[in-house]
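One chain, subunit A, links the two complexes that follow: it is found with subunit B in the first and with subunit C in the second.
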Partner chain A sequence: MDILRSVYQVAGFIVLISLGVAVLEGYFYYHFKYYARSWFFPAALTVFPLLALAGYYGVTWEHPLRVWAYFVAAEALVCAAFRNIVKGRNTLPYLLLAPAFVGLALLLVYPFMFEVYLSFHDLKLTTIMMWKNTGHIPFVGLRQYWNVFTTSPLSEVSFWALVGRTLVWTFSNVFFHVLGGFALALLLNNSIRFKGVYRTLLVIPWAMPQVVAVLAMRGEFHATNGFVNIVLGRIAAAFPFLAHLGVGPVQWLSDYPLLTCTIINVWLGIPFMMVVILGGLQSISSSYYDAADIDGASYFQKLRYITVPLIRPVLMPALTLGTVWTFNNINVIYLVTGQAGGTEQADILVSALYKAAFTYNRYSYSAAFAIVVFAMLFFISVFYLHGFDAAKDER
Partner chain B sequence: MASVEFKGIVKRFKDNTVLNGVDVDIKDHEFVVIVGPSGCGKTTLLRMLAGLEEVTDGEILIDALRVNELHPSKRQIAMVFQDYALYPHMTVEENMSFALRLKRTGRSEIEARVQEAAGILQLQKLLKRMPKQLSGGQRQRVAIGRAIVRNPKVFLFDEPLSNLDAKLREEMRVEIAKLYQRLNATIIYVTHDQVEAMTLAGRIVVMNKGIVQQVGSPIEVYRKPANLFVAGFIGSPTMNFFSGQLRSEGDRLLFVNENMKLPIPSFLLHDGDRHAGREVVVGVRPDDVLVGRDGAECSGKMEAVLEVCELLGHRENLYLKLGGLRLLATVEAFFDRSPGSAVTLCFNYRNMHVFDAATERRISE
Partner chain C sequence: MEKIFLLTVLLAATAACVRPPADDPKHIVVWEQEDAQVAPYIDSVFRAFEKLPGNEGVTITRTHYQTEDLRQQFQAASLAGVPPDLLLGPSDTAGLYAISGFIIPLDGMFDFSKFNKQVVDAISLDGHIWGVPVSNGNHLLLFYNKKFIKDAPKSTGDLFSFCDKNSGEDKLESCMAFDSGEPFWLMPWLGAFGGWPIDGRKPTLDTQAMRDALNFYLYLKYDKKYIPMECDYNCMDSLFKENKTAFIINGDWAISGYQKQLGRNFGIGLIPKLSQTGRWPTPMVSGKYFTVSAGVGPEKMEIIKRLLNFYTDYDNQVRQYKELTRLPALKAAAAAPEITSDPVARVSMEEIRKGRPMPMATEMRAIWDSARNYMGLATTRKMDVDTAVRRMQANAVKKIQEMDR
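Take a look at the complex of A and B:
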């Protein structure tokens, strides 16, 4: 019977969401239909806040005047937006898109604003009850941002060490993603048999849920039962001179956690680059290669002078995305090393951020930290996109 | 400069035979145009000479040297591609000097050769531009310049004008003709446009379905087409064809079908009796259908009905109906008759062609 209850709950939730969208759509419908009439704005300012207040009354009846004032202000904002933004004939597309915009605003804009708010205040384990009881937390100005650069988010590693480690992590990962993806794409771009089969197999790490893929790989790096160490042990047993050189089983997860994470993440990230670069390669007209053949270019010269310049326009956006994803990649680090009591040797900025917020409960500090990370990524993206525009101009 | 020889060239893509025994001999300094409809294998033949396609069977010789296994860059050829294939990320100058830079030629020599080629093609002002900043005709000239810079033994042109509009195509055609006079090189030029073939070629190679149909000077190919395909392909508007039978009547040979009865003079087919009873196709170019006037070597008069007139300016196309047959005549402009009126016509014997209906080969002189 539990399953029936789950189905019932899910169905109820779907109905609730549909009702919400319907109400929203009806609300926008009247705005779109009548916003050009002179009587509409006074009417809307009276009717909609009162209706909303009635809805609010169904929940609680605290500070009715203040809540009403909020509703009127919101309505005034919507009306002003309609007067200034919605123009011309294309009102229907706006009407149909409006619920999605509201959803985006709730899911993206509101949390971001709240994060900015938090970063200027002091919410932590010792002030959270005060916030709950009074609705107030102390305002601290820029002190949280100062703390980001001067104190450590974790117990052992400093902020600047984390920055350095994150840059090394990002660079090495993206480098091997592109290298591996490029090599595989070049192989797949030849006319070989079973190309579709190879392509499917190579894309699997990317298509699998990351949690499953990472946990499976983590098992393979287990000290005694993992595939990697078993192979290393066999090699060392079969070739004693290699064992003398130091080849043998390694405590991957405790001695080299960042290296392990890097290997796993390279394996996960290569397929994306391969697919993107393969697309780029296939868009290069074969007549360039014919011309280069006649001009006397060797294989590597063709690669250097034809292929690489011509896939730059597709490579640059992929590189931007890859950099941002790797920089932000908490999944691999957390799943491999991050469970309670795990090491800090593999932490990068975002995984340290996660720990600062949810292990050490420094909420406002983490909010400021997140904004600093966001700013870094923003500048990296601008830098890449600039390069991308330059590449596009060359075409 | 060099001679080129194709010996029994065969090209197969799996079970699909594209070229079936091509033998062509191209002399030094010759401008040869390979012409044929799309899919006849002409571009494949050129790409095999360039080394971009494997040769299934046969031999390609450049200057009596077998080049089948030679890398494209070692064959001392240069190719101008249909889509120009200018490297989009290099300037005009870099495009033209790419081959020389790969060979590590000295900077001063590269400079001199690029300047020389740019001078020939009037590209001096465009050297610093990117290909996408050029018009179609300019790109075409850069592609030719890139070929000239390499100083090759043989120039290969693969439908170089087909991406240009009609006016530009005419201009570039004249440019290429001038270029040939100036370079005096061996040029092999592939096209499907018979006008380009007629105007540019020293010799034309007509191909169809992977087989060489006829090799000859433009005027030979035009005046004495070797078979029905060549007769129909070369010349615009297309030749009129009538199928029928040859009959011997007294000492005269007659061409007979349901709608016409033509005496065939002995200078077209001697030993008339030998041909009697043969199924044939007679071909007459629209220019040689004489409407409403007499020629020196005119066939018997025939009555036809004018269906449609097309005024081209100095000439006029007349679509005529002769019994159940339709035919096209081209006459001097201002043929002042309205559609539906009856006209008399005759064929100019001098330029009439007779082909065997079964073998499609030319049997007239």
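Take a look at the complex of A and C:
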């Protein structure tokens, strides 16, 4: 019976989505067809908001005037866009893309706008019920942004120190991801036996669930029973002069938590870069290398003047993605240090943000914090892409 | 195209005219975050309640969530105006819901004098009681391996003499193990030194007791090397299960696991009395509770009252112990022969009596966070104890203030 109920629920959901898509398509179809008629604008402003309000009423059993005003405003915007921008062109492509656009707007644009709204208000534990009962949250202007820059969710680390640590964490990780990925891709790009097997083995850290991979590696850094310390201990025992130089077991999680996280994340991130770069390397025509060989170019000259420039179009988006992912990587930090009741030595911006939102329930402050993090990532990405365009222009 | 659109709009308009079903007072929705093996027991009590005379037409739906999901989903559902009627969970998140206004105080609706005082105190905030206790515990105990020692040490003096004889090369990897990074494990010792992390709603971390407790950790870790240098929950658990340590301090949730793992060698005892002060350690005690969502109507509340009284009656509390090894919150059931005749339950109940209720105030979030950080710095010798304790207090106060900004 449970299975039947599940099937029924899934089928109902699919029907609901289909109905939604049909309504959207019909709505846009009318706009495409009649946007230029003089009667359409007043008719659309009357009919569509009323229909939308009826749907809202059906779901919530409420029909506030405020919601109707929103629907009218939205309809006016849509009509204006059709009259002045779309002008009935590209009907089919727009109709096909419309559901995806609306879906994206609901899933991405609305939450983002709400995040911006929250960041200018004061939503926290003591105001959350007021928000529910009255729909009102106190407006505080830029105060939350001021708080982001002047206070820190952490105890001993200021916001700016946290920014510096996050940048060091991000760029050191990405640097080693690219370096390791590039080296392995170069090795795999040669005609060697069992290449497929090596490739599969090297991709495993990336392919397995991150939680499993991180927790397994965390165990290897355990002070007493971890593989790393066992090896260090044996090396120090076999070569006493190294022990005198300070080589030996280390309390990784207590004394070097950020370094431990970095090593684990480098291990996790190399396969992705390797796969991307390998794809780029395999797309380079061998005729370039043949010509370089005829000209007597050395291995490093070929690397510098052929390989690196030609994989740049593949590498730059991967680099941008890698930077964004690493900047926002809370999983590794949390799984390696958070569980162990760790101190704040390995916290980065997003783990501090998590603490502000879910330990201290400072929702508006966290929203402002998230917007600031978003702005940083936006500028880093623009900087990368700008660099990529500049390099393209040079060529 | 136009016909399809008109048909769809017609369907949507028809749907809009269908009034959504009003909240059925006889249908109770319960959300919980229990382990999978607990679900059949909960369901069996609910089904038994539905069959009681006078409960014709009453239905109870149970939905399971992971701990963190339950918190987020409950907050979201409460804001959306569609919360479940009842929540079954620990007391630590109840403070959050109480401050937010998502749950209602239950004073005067139930007879709380029939429950153990500690378990009721752990769900009390600002003079109100916010939940009905269904089990008692969630407290730390001493487990030992009878392969190494026959009886539990009564005092830290006894414990240390055993450790002196049995630690070191070719013997135990460490004499005892506990999660030395989590402040929850520090609380029994803090209590034994005469301290407690909160007084009402004010953090009380900058005390001599906290200094003594942290120095005690340093003594165990660096001076005597009785505990591992770096050990979290999984580490201590593995050491004990693999016979690499004689003692572990862990919660009552681990009892059945260790019983299965160690078999005849399983031993359980009170956390030993601190010889230095002559006081017993005071683990934090809480339990599992039913809390009631704000907005439950009077008719439904009557059914909920009957349900919770049934769930916590003598027979069900004893059955809960038999099936889940969870100690009852009901005083009468705690004195039942089934429980007092069981040595494990007896020790666990004794430890509860020595413990103190886990504070439910939301300020505890800042206290845990601050204590965890500075305790970590002090016990890894990155900061001296005196500075760590002063900053622990100052930071907790600051974070509590920031929570309101």
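What we mean here is this: the second predicted complex is superposed on the first by the 296 of 395 C-alpha atoms of A that agree within 3 Å, B and C clash if a C-alpha of one lies under 4 Å from a C-alpha of the other, contacts with A are read in each partner's own complex, and residues count from 1 in each chain.
Definition applied: a residue touches a chain if its C-beta (ideal position, glycine included) is under 8 Å from a C-beta of that chain, and two chains touch if they have at least 3 such contacts.
Bear in mind the structure is a predicted one, so any value in this text is a computation, not a measurement.
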- Message: By the touch definition at the top of the document, which applies to A:V231: first (subunit B), second (subunit C), both, or neither?
- Response: neither
- Query: Is A:L201 in contact with subunit B, with subunit C, with both, or with neither (first, second, both, neither)?
  - Reply: neither
- Task: Have a look at where A:Y30 lands relative to subunit B and subunit C in the superposition and call it first, second, both or neither.
- Result: second
- Based on the superposed arrangement, let me know which partner A:I306 touches: subunit B (first), subunit C (second), both, or neither? first
- If touched residues of subunit A are counted for subunit B and for subunit C, the larger one: C
- Task: Could you tell me if A:Y288 is touching subunit B, subunit C, both of them or neither one (first, second, both, neither)?
- Result: first
- Message: So in the superposed three-chain picture, is A:A297 touching just subunit B, just subunit C, both, or none of them (first/second/both/neither)?
- Response: first
- Could you give the residue numbers on subunit A that contact subunit B in one complex and subunit C in the other? none
- subunit C - residues contacting subunit A, complex: 1-2, 4-6, 8-9, 11-13, 15-20, 75, 78-79, 81, 96, 99-102, 173, 179, 181-183, 228-230, 232-233, 235, 238, 362, 365-366, 369-370, 372-374, 376-377, 380, 382, 391, 395, 399, 402-405
- Item | In the complex, subunit A residues that touch subunit B | 285, 287-288, 290-297, 301, 305-306, 309-310, 394-395
- Item | Parts of subunit A lying in touch with subunit C, wherever the complex brings them together | 19, 22-23, 25-27, 29-30, 51, 54-55, 57-59, 61, 124-126, 128-129, 131-132, 147, 151, 154-156, 222-225, 251, 253-255, 339-344, 355, 359-362, 365
- Report the residues of subunit B in contact with subunit A in the complex, numbered from low to high. 47, 50-52, 71-74, 77-79, 81-83, 85, 87-89, 98-99, 102-103, 130, 132, 146, 150
